[in-house]
Amino acid sequence: ETSASYTDSSDDETSPRDKQQKNSKGNGDFCIKNIKQADFGRREIEIAEQEMPALMALRKRAQGEKPLAGAKVVGCTHITAQTAVLMETLSALGAQCRWAACNIYSTQNEVAAALAEGGFSVFAWKGESEDDFWWCIDRCVNVEGWQPNMILDDGGDLTHWIYKKYPNMFKKIKGIVEESVTGVHRLYQLSKAGKLCVPAMNVNDSVTKQKFDNLYCCRESILDGLKRTTDVMFGGKQVVVCGYGEVGKGCCAALKAMGSIVYVTEIDPICALQACMDGFRLVKLNEVIRQVDIVITCTGNKNVVVREYLDRMKNGCIVCNMGHSNTEIDVASLRTPELTWERVRSQVDHVIWPDGKRIVLLAEGRLLNLSCSTVPTFVLSITATTQALALIELYNAPEGRYKQDVYLLPKKMDEYVASLHLPTFDAHLTELSDEQAKYLGLNKNGPFKPNYYRYGSTSTHLSGDTLWHPA
Amino acid sequence: ETSASYTDSSDDETSPRDKQQKNSKGNGDFCIKNIKQADFGRREIEIAEQEMPALMALRKRAQGEKPLAGAKVVGCTHITAQTAVLMETLSALGAQCRWAACNIYSTQNEVAAALAEGGFSVFAWKGESEDDFWWCIDRCVNVEGWQPNMILDDGGDLTHWIYKKYPNMFKKIKGIVEESVTGVHRLYQLSKAGKLCVPAMNVNDSVTKQKFDNLYCCRESILDGLKRTTDVMFGGKQVVVCGYGEVGKGCCAALKAMGSIVYVTEIDPICALQACMDGFRLVKLNEVIRQVDIVITCTGNKNVVVREYLDRMKNGCIVCNMGHSNTEIDVASLRTPELTWERVRSQVDHVIWPDGKRIVLLAEGRLLNLSCSTVPTFVLSITATTQALALIELYNAPEGRYKQDVYLLPKKMDEYVASLHLPTFDAHLTELSDEQAKYLGLNKNGPFKPNYYRYGSTSTHLSGDTLWHPA
Amino acid sequence: ETSASYTDSSDDETSPRDKQQKNSKGNGDFCIKNIKQADFGRREIEIAEQEMPALMALRKRAQGEKPLAGAKVVGCTHITAQTAVLMETLSALGAQCRWAACNIYSTQNEVAAALAEGGFSVFAWKGESEDDFWWCIDRCVNVEGWQPNMILDDGGDLTHWIYKKYPNMFKKIKGIVEESVTGVHRLYQLSKAGKLCVPAMNVNDSVTKQKFDNLYCCRESILDGLKRTTDVMFGGKQVVVCGYGEVGKGCCAALKAMGSIVYVTEIDPICALQACMDGFRLVKLNEVIRQVDIVITCTGNKNVVVREYLDRMKNGCIVCNMGHSNTEIDVASLRTPELTWERVRSQVDHVIWPDGKRIVLLAEGRLLNLSCSTVPTFVLSITATTQALALIELYNAPEGRYKQDVYLLPKKMDEYVASLHLPTFDAHLTELSDEQAKYLGLNKNGPFKPNYYRYGSTSTHLSGDTLWHPA
Amino acid sequence: ETSASYTDSSDDETSPRDKQQKNSKGNGDFCIKNIKQADFGRREIEIAEQEMPALMALRKRAQGEKPLAGAKVVGCTHITAQTAVLMETLSALGAQCRWAACNIYSTQNEVAAALAEGGFSVFAWKGESEDDFWWCIDRCVNVEGWQPNMILDDGGDLTHWIYKKYPNMFKKIKGIVEESVTGVHRLYQLSKAGKLCVPAMNVNDSVTKQKFDNLYCCRESILDGLKRTTDVMFGGKQVVVCGYGEVGKGCCAALKAMGSIVYVTEIDPICALQACMDGFRLVKLNEVIRQVDIVITCTGNKNVVVREYLDRMKNGCIVCNMGHSNTEIDVASLRTPELTWERVRSQVDHVIWPDGKRIVLLAEGRLLNLSCSTVPTFVLSITATTQALALIELYNAPEGRYKQDVYLLPKKMDEYVASLHLPTFDAHLTELSDEQAKYLGLNKNGPFKPNYYRYGSTSTHLSGDTLWHPA
């Protein structure tokens, strides 16, 4: 509700699939809600461009050379103004694109219209049916005289469809770029099973993207999501955050800064020790469940907050999920006859116990940051730039550099994504002198971190049976 | 100067090598300053024990089994109360130990006395000569009827000595545990050159140790080191921190919290972007050098602060080094006739320009945290526990698990070190249910993080010549 | 828009003044939108009760004694669920109440209905005309057989009306409790002019209320207001905050915690020095206006951001006002032909310069925290409790304690308001022992701070002409 | 121990009172340790001058006019390099000075020598006896042909001496400037008793000084004091801070920032609520005394930490006092036969219970910040500047402006002190335009805050017997 909405309320109810539309140049190779909304969408795209300077910088560089010349990219992502900036950048770099939506609800119809008007073959609208969803994907790939040689996927549905329906297409495909946790998981499974037949780039786990999607983005969205739904005052509130990974760290830091008293639960002793050193009491959930005002899950695990805990929360306790999965809160356990559900606002339910106690459940246990907050354009810019560079890398890589495996974005390109975003902050990078580069044993242009700059690439051939491990 | 000192000022000047001393049980297989100081040293050890609960927990577990039974450990480390707790723990675990100092100044004579009184063969005193240093090491290994089968080294001098003098000894040695950056570097070079003839464990780069040595320890020691030397008030001061790795992050966080205005310089765009998101202006040094009150280097690089910058600093500017190397500030460039040096306190020099401007140089550009601050026992406890577990692992590993290579501490043991330190904080770890462990695909006892929980184990076969990198 | 709305969209357009309504007991002494909405309103009141424990605690104490027995309170405030909890508390304490709205837009119609159903004489609806506004106030006081003896005002309009129309009424009035800055200002002017004919209590300036309204509330609402309107990411953003009073301090602390780089402007050297010590660069606006991403005014002054500055801001700069007045940004100067205004969302305008530069103006320069955020119930609870205690104090004060003057809430009652809110945080106050109270020279029940616990009650007879002041 | 020490160790043991010394100009009207140390002292003074820019700015202004021309100031303060900068400033402003030490241990002999060499009549040395102390004070005032007309006192001993021995002297004295809590307390008692016969200025309670002495200074000195004495690591430690006034707020903020978990105790509900909103659990001491690692008192009260609590602390607990009084920890209760005291370092005692439990008592319960830390020159600069301006004000005030009463520093001068310190931070104050000044009703040069900018000058005629106060 907070994002701009330009939907013409007089829109007819006709399915886009039943409409015949053409853009102003007479091109009709698309399927969207309403081509007339193109002007509205163009303004949204222009505003987004201002906040995606990295892609704009890539376009500028592309005036000389076209690294995606000859690329035929089929994409399946959320269709928003930010995606449009990505698509138009890919086009400026030389690629041809066909695109579908990866989610039946998330398409901005006006933006889809602007893309269609601009000559892109887009097949997407807000409120697709399941059948529409696959139909749109199929329209992207099943087209005469055109065959994709690159895949940009978010969730793996497009990749799955091609595997299932058009496996031969992979012969010409140079690589897959995948953005989501789920899609990456699917690719690793394919790889393990020996069924991955082209190189794939896991852009989800690039350092830059991870830090922004998790730590920095969640640091802000936890506050935003809670405020928009409950108007709760953070000062003095007792909060328990389950999980102290990057998401948990972001949530804890933000709430501590706002004057909340934050408790942490963890299963991993290293993260647990970090929580201690960062000033949070490490507890088990049952030690604090009766006293906290807010419960936030960030574990990626299932059944972290079960009915037993929900029963013991105090009146008015707010419960929400910031993790990577919808399984953290056992919402199903609350669908029992003795409990009354009351929808008090969009995304906010009061669940009421027989004694009158009510807990405040947000987004029915789904991801708070996606449901009740917005993702800053800056974060989307990082994602989109990473996707563009991954496509360029896979498309231009010399034969043999990448096998039929899942790869992380090369560190140097990860650094490049970061560097493209520094001008936004008027940030000035220092350059190594020749003497310094030599002293450090580094190339002056990076990558700047030795391989062991990590949590250690631990030897993994260690079995679990050593004597002296924790009992 | 702040640590307790019990040195008998009437101590004679006789070299320990010329003395004949025996402990109360008639044992004389040691060489230390003065066996009469044993009682003082014992009290220091007892106090240290209270702050090293993890080692004490290992001792308790060793009442049932002796995982180091048969181990003959030769060690070369700083000889302090904390090391004594480690040595007595190794002994309780079943090991025999012989020990020398890795530094000619750092030995606590009273502690060495207590160890000798307790039956340890210690060869170390404060103020050894270069010749003494190697003589002590030799006495540890060159002994009839005893041959080491494990090495615990800090700096690589012991390892080097054995390589040089007694290479045959390696036939019986099951492994090396190395603690320092320098020693690890030497080991990797040996390994590269194909000359490493036993497995070695790099404990310097374990996650737990790194986080504590760098981020958490420096967060406190930057304040401590600056206060003890200069009594400077942090509030309102302008500070530039060169380098935003773990050390830089710790320094920046602490100074920001104390009300300083902090600028950051970086060469790595990913760390640079982190600095921006954490609220620090990213600058080049020359942009702020005239206005800052304090300059802190944390880069590991050389010549970060050169004469040109020193010339432009304002009157009273404090300059110090928190990095891993003494090369960051070009101190040599200040040893010129037109500049006057004035020693105003221990570790504090005023360097005075002809126009009267003075800068305050700390520790002559050496490491501030080592020279002007103390390392908390808690940090030493983590190091010592890691060393003990690494010894146990190498000693007990089944044939073939470790080759003639340098290994990081297995992630699970890293986690174990962390878990042993949680009780200090009265911290309660959550355990996975069977169902949750299955859902996550984890063993209930860890390791808890998948291999890709890092900055990404980037493909390293990428050459630097790709088209689309930064120009 | 974020608060629950239960307005029946099929509501007729008839003015409430033209309707004849009665509640279920046949009472018709009220004028509201629609009595049928009473059930909805009751639920809102019940939810608010849960977050206003201090008033509920006062009700409980009133079971024994009725400190407002005989009080006839006429009130003029925002009519919301929180006000309803206050009114029903006053009633429980023994008072009779008649009430009007202090703002033509802010009435929650459902709540007004619930109050009318509960027997309160309420005259208020959302969307009153100017004429309606005064008519409602008049209906509260101009009633046969009932004359108020206490006034609770928010803005001074009710007080003004009685002064103007029914000055004789003041003979029976024991006191005025005023909540707003504006109303307090009017009372001080009356007092100065010798026209204040009853004691008045300025509850706006109580310590507790001030701290919460300004520091603690703004610390959260600046983030909330900016997010809801612009979805801006705070990390790395450069922000200038004009004014470092309590509001400015709250804004600065919050933004710093979120990773923004914050600059401060100030006119008062004491506040300026505080800003320095808290880690903010103190600048003049023109030094940073070209580089900042966000400009926030918190001065209470006028023309702080004038056209000259607006002209020099960079593209996309966000401008908003958190101060106590709508005069801080010279919005009028932007209403010129060469600039284009574009409304992009509710409360968000893009003002576009001829060269395409756009700035993002929030709430047309009105108060961001009131326009684009919500006030937490906890803050309203403090205000309402303060109002209730002030009424009790003035009503029960022995003859002569209060003259015809404006008073601050007695410190002890201010402390009592605070103490009533501690249970919310499960906070446990320590009690002085007799010996300690004697040592400190304090009454065990407070007040706990000596009179000089302040910024010093400076001698005010100092003229401005002393030699040694700043030139 | 951290401050520079230049004492000639071959110093003879002769009492300064028995020595005949003259400075290089033949003047012998002083009594100090050793005039030969003057050069050393001069360097210390020069270094201090660099950090006291406000006094140096006053000197510059004094080139035109001499606001203290004719002033004869007798002073009794700590005699340090910073005091010397003050004295030489007073002299530059036109005053004649005679000076004694307010503490028998705190005199820097080298500085006293430099002052004597510079022509000041100084009577002070390190290690005076009680008798020496009063003899020195007497030598300042009991001198033929010179009678003071201004008093600058720190602790009230000088004032007391004149009252007792030379009451007639007050006829010529224009005012007293008093710096300490104790001295101010004595003055208020004199005033109450009607015995104060000249105006006195309480500079202890000026806003600027208070904020720096308490909040900002303690925020740093709590960390410094704890580190220098115990080397404790703050991360993860549980700490209870007793009292949440300015000192407590500073301690809590610093420790929270370093990763400690901080609990607060309070008796005042307003401060208690602030603690809650700032994110600290408000507890009673007995609730947490068994679990905390550090106990810090900041109450100004007595017997806050009594034997009962000390008995229940856990092994290794650190106990210290940051308050304004030495009474907060009942140290006397620890002087019992069953407890063993062990001095482990300067200012650090282990108190050992029969079962071996030891607590770590710092500075024997005296003020940690004074005993184990240093006061930054910047804080001393604020104090000294305030003293200088107070002397100027009292000396130049027109007849009748000040009565025989105790006054706070006029707000405008308080602001002036602050403004003189802004250049240190390169801070730029904004000036009001004429239009803005008029709008705010302020003089463009200040004072900038209306009188009610405080915790409210509460009506104090309220008795404690009102019905509706907390039971």
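Going in written order, the chains are labelled A, B, C and D, and every chain counts its residues from 1.
Here is the rule we use: a residue touches a chain if its C-beta (ideal position, glycine included) is under 8 Å from a C-beta of that chain, and two chains touch if they have at least 3 such contacts.
Computed from a predicted model, the values in this text were never measured in an experiment.
Colleague: Check every other chain and keep only those touching both subunit A and subunit D; list them.
Modeller: Per touch definition, common to subunit A and subunit D: B, C.
Colleague: Taking each chain's centre as the mean of its CA atoms, which one is farthest from the centre of subunit B?
Modeller: C
Colleague: Counting in whole Å, what is the centre-to-centre distance of subunit A and subunit B, each centre being its mean C-alpha position?
Modeller: 39
Colleague: Let me have the rounded angstrom distance from the C-alpha centre of subunit B over to the C-alpha centre of subunit C, please.
Modeller: 56
Colleague: Which subunit C residues sit where two or more other chains touch them?
Modeller: Answer for subunit C, listing residues that touch two or more other chains: 216, 235-236, 258-259, 276-277, 281, 425, 427.
Colleague: Can you check the complex and tell me which residues of subunit C touch subunit D?
Modeller: For this pair, the touching residues of subunit C are 61, 65, 67, 205-208, 211-212, 216, 265-277, 281-285, 287, 300-304, 327, 389, 392-393, 396-397, 401-402, 407-416, 418-419, 421-422, 425, 427-433, 435-436, 439-440, 443, 445-449, 451-462, 464, 466-470.
Colleague: Where on subunit B does subunit C make contact in their complex?
Modeller: Contacts found on subunit B: 235-236, 256, 258-261, 276-281.
Colleague: Looking at the complex, which residues from subunit D come into contact with subunit B?
Modeller: 1-4, 47, 50-51, 216-217, 219-220, 223-224, 227-228, 231-236, 238, 253-254, 257-259, 291, 315-316, 344-345, 373-374, 376-379, 424-427
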